[in-house]
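One chain, subunit A, appears in both complexes that follow, with subunit B as partner in the first and subunit C in the second.
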Partner chain A sequence: QVSELVQFLLVKDQKKIPIKRADMLKNIIREYRNAYSEIVKRADRTLQEVFGLQLVEVDTKRHIYILINNLPHAEGQHLCRGKEKEKMGLLLVILSFIFMKGNSVKDSALWEFLHLLRVYPGKQHSVFGDVRKLVTEEFVRQKYLETTPIPLTDPPEFKFQWGPRAEKETSKRDVLNFVAKMQGKDPAFGATQFSEAEANT
Partner chain B sequence: ENRESMLNSKSNRLTEALEEANRLFGGVRRAREAALDAQFLVIASNIGKEKANELHSEMSAFDSTAFAEDLLTFMGINRTEVEETDDSEDVPGEFLPSDAWQKVGEEAPKYFRRAPTFHYMMGSFKSEPPVRKQRIERQKKASRGKAERAMPAQLKEMEQSHQEATEKEVERILRILQSHFENDPNTPISFFDFVIDPNLFARTVENVFHVSFLIRDGLAKIKLDEDDLPIIEPVKPSEGGEEDSRAAARNQVVISLDQKEWK
Partner chain C sequence: NNLMAAQMTNAHRRFLQVLMSNGITEGSEARKLHQHCCETDKVYYAHDKLDDFISTINSHLQPLFMQIRKGISEDDGRAHYAVVNLAETEVTKMASDYTEIELELFRKTMDLIILSENGFASSTDILNLADQLKTKKMKKKEAEQVLKVFVEDKWLSEKNGEYTLHTRCIIEMEQYILSNYQDVARKCNICHSLAIQSQVCESCGIGMHLPCVRKYFRGQTEPRCPKCNEFWSCDTP
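This part shows the complex of A and B:
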């Protein structure tokens, strides 16, 4: 059962859409419900010892899980299919913007920023295609970003924050390092952000 | 509506608005007005929160425009001198190379602890195939839907091609038999002459196999001639009706033929 669960998780993780406990129970564990937590624990151990991955629960109420990499940031070539890398690049830029702007931004502010990078919500992008869909749907479904409507706004406005997957896969400190690298500055330059990042490690 | 002006940190408009709302509330008589007042408070408190946020970030100012410029530089933007032309979204003369986002993409994975996406090394014939050796087991379990569709589709194809081949062969043999009888209607063919392939025993067996279909379907019949040797002839469609075919004895015959005999 354990190896089946491991395989199930690896395949499910391909699209980076978080995995629900209900799906695990339905497809793999089925009759062995009572042993559920034991099976999951062992699967996690296998993932860690064999693959260097970790099963993390990002929603304790609704029991939703993701797989993250346990190994330290690997330098060097990653085998990435399709546009994975470019999407991560865009995501990193967005996460940086959100963090540097105080952890929460209005959607209009985000799009205004992306405009500067020649990325427009209404226009097909040569690399990303439908960017609005990528940002508001794909990244949100993968739990990299979280979007909440701002009440009583007409037309409705939203705010963007880091999603739980972003919280687990990266850190404020890492993101700050990225920002500093782009600016060619020392991370300690943005004083408030730096202390916040430090506090979060 | 005046959200933006209220957000301006220098303005006191928010305070003024709140004070006015307070005053107006004294004159409220109806529920609808009270509801409006409540709505106003929600909006006001949101604006207040935003103002507080702005205050916070102003302390260690983050210049997003400068950050964007830095990103563009990193992406390898080509800044050239350009004459004043129409203001358009894509500024002519500032050329963003096609691998701009690739550059960022190369840098990005270093900041994430992302589980590498699981891919099969040898590729697959349909999406979401099972893993490695446990291919067959997997098809029953995790990738249920798609895998199940893949398997039956494959088998169906194979069976079909088998069936087709057999049918074609049977038809071919029937035609040979018929054409022979057209030329020579009164000379039945010896069964053995018909089926035996002088060179290939396997072929012979195949021929017997195919002929058996013809017999089964009533398209040919085997009789015994004077020497008690089987002969085969096609059944003419006009021959008798239902009665005849019912009357025709349906016998099961086992013919054994081994390689020695064949030789």
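This part shows the complex of A and C:
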């Protein structure tokens, strides 16, 4: 049972889909419902020991879990497939911006900032494609970002904050290093770095 | 083998994570990755100990019915590594990524490929299949798109409008294919692994991988079948 649960979790995690406790119970545990918490505990231990991943509950009310990477972040990590590296780069920029602005930004402010990096919500980006979708849907679904509507706004405005996965996976040190690199520099400097990186991909 | 299973370190875990996220990893990439992981996690590194490194991981994967398996590409003879699930009795690895109808198309394509002489199925034949699917008929345009995705995801590979199984697919599904296509699936006479693309002896019918043929007949002016000793009729690659 433990190995089946581990498989199930690995497959879900491959797509960064958060896992609901109800799904775990339904798909795997069946007859062993009473031993549920023991099985989950053992699965988590196996995931940590063998894969360096950890099962973390990010929503205690609705019992939603994600697998986070326990391994210390490495420079030049080959972990990223396809466009993942670039997406993570963009995400780090966004997380840093949110962090610098006191952990919460209005969506309009975020888009204004990304304009400096020549990333526009309306335009197809050569690397990221539909950026609006990436930021407001994909990053949110994967729990890297959280977006909440600002009450009493018309047209409706949203605010962006760090999501639970970002909280658990991204070390504040990564962000501080990144911010330090950018600090005191003309925001256009960041834009140059970014578009140089773009030009090289 | 009476060595005690070595401990997993973060280097092993990192290696495993990357292998899983790659789907399939070529030999030289795997060696580079081995070095990178050992250096990053400050673990003892010996460049010729990749097999031992992998064995350690495998000993911990065994209770989970998983394994890092090495397979040889039928095209260039190079080694590739993939993480396979030994408990799967059918194409369940793909089951979570594709719809029912796409899976049916894949299974039927695999039939065509395995039953063929040369290990390839033409795009025309596959598109005709799409029309006859039980689940629901698939339009040609749709089928073409699905085939493209299968190639991108490395289940199939395409050459000149013909499709064969990708090395990744062969590594991951070798057991499944050998048990489900017992009478039809060919095994290479030299290395005894599953052979999808092969050269076949006209006299006695044994098959060999092209890279295996190349190695076996190297330097021989008169290539002869290793089993029946008749002249080898195919062009040696």
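Operating definition for what follows: the second predicted complex is superposed on the first by the 176 of 201 C-alpha atoms of A that agree within 3 Å, B and C clash if a C-alpha of one lies under 4 Å from a C-alpha of the other, contacts with A are read in each partner's own complex, and residues count from 1 in each chain.
Just so we're on the same page, contacts are C-beta pairs under 8 Å (C-beta built on N, C-alpha and C of every residue); 3 or more make two chains touch, one makes a residue touch a chain.
Because the structure is a prediction, the values reported are computed rather than measured.
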Q: Check the residue A:V11 against both partner chains and state whether it touches subunit B (first), subunit C (second), both, or neither.
A: both
Q: Identify the partner contact of A:M24: answer first if only subunit B is touched, second if only subunit C is, both if each is, neither if none is.
A: neither
Q) What is the contact status of A:N69 with respect to subunit B (first) and subunit C (second): first, second, both, or neither? A) both
(Q) Per the contact definition in the header, classify A:R118: touching subunit B only (first), subunit C only (second), both, or neither. (A) first
Q.
For A:G102, using the defined touch cut-off, is the partner it touches subunit B, subunit C, both, or neither? Pick first, second, both or neither.
A. first
Q: Tell me which partner A:L145 touches in the superposition: subunit B (first), subunit C (second), both or neither.
A: neither
(Q) Quick check for you: in the superposed arrangement, does A:V175 touch first (subunit B), second (subunit C), both or neither? (A) first
**Q.** Dominant contact partner of subunit A by residue count, subunit C or subunit B
**A.** B
Q) After lining up the shared chain so the two structures overlap, which partner does A:V50 touch, if you call subunit B first and subunit C second: first, second, both or neither? A) second
Q. Across the two complexes, what residues of subunit A are contacted by subunit B and by subunit C?
A. 7, 10-11, 14, 53, 69-71, 74-75, 78-81
Q | Complex contact set, residues of subunit A against subunit C | A | 3, 6-7, 10-11, 14, 46, 49-53, 69-72, 74-76, 78-81
Q) Once bound in the complex, which stretches of subunit A touch subunit B? A) 4, 7-8, 10-11, 13-14, 16, 27-28, 53, 66-71, 73-75, 78-81, 84-93, 96-97, 100-102, 104, 113, 115-118, 120, 126-128, 150-152, 168-170, 174-175, 177-179, 181-184, 190-193
Q | Complex contacts: residues of subunit C adjacent to subunit A | A | 8, 10, 13-14, 16-18, 20-23, 33, 36, 40-41, 57, 60-61, 63-66, 85, 87, 96
Q.
Quick check: in the complex, which residue numbers of subunit B touch subunit A?
A. 39, 42-43, 46, 53, 56-57, 59-60, 62, 64-72, 74, 89-90, 96, 98, 101-119, 128, 131, 134, 138, 141-144
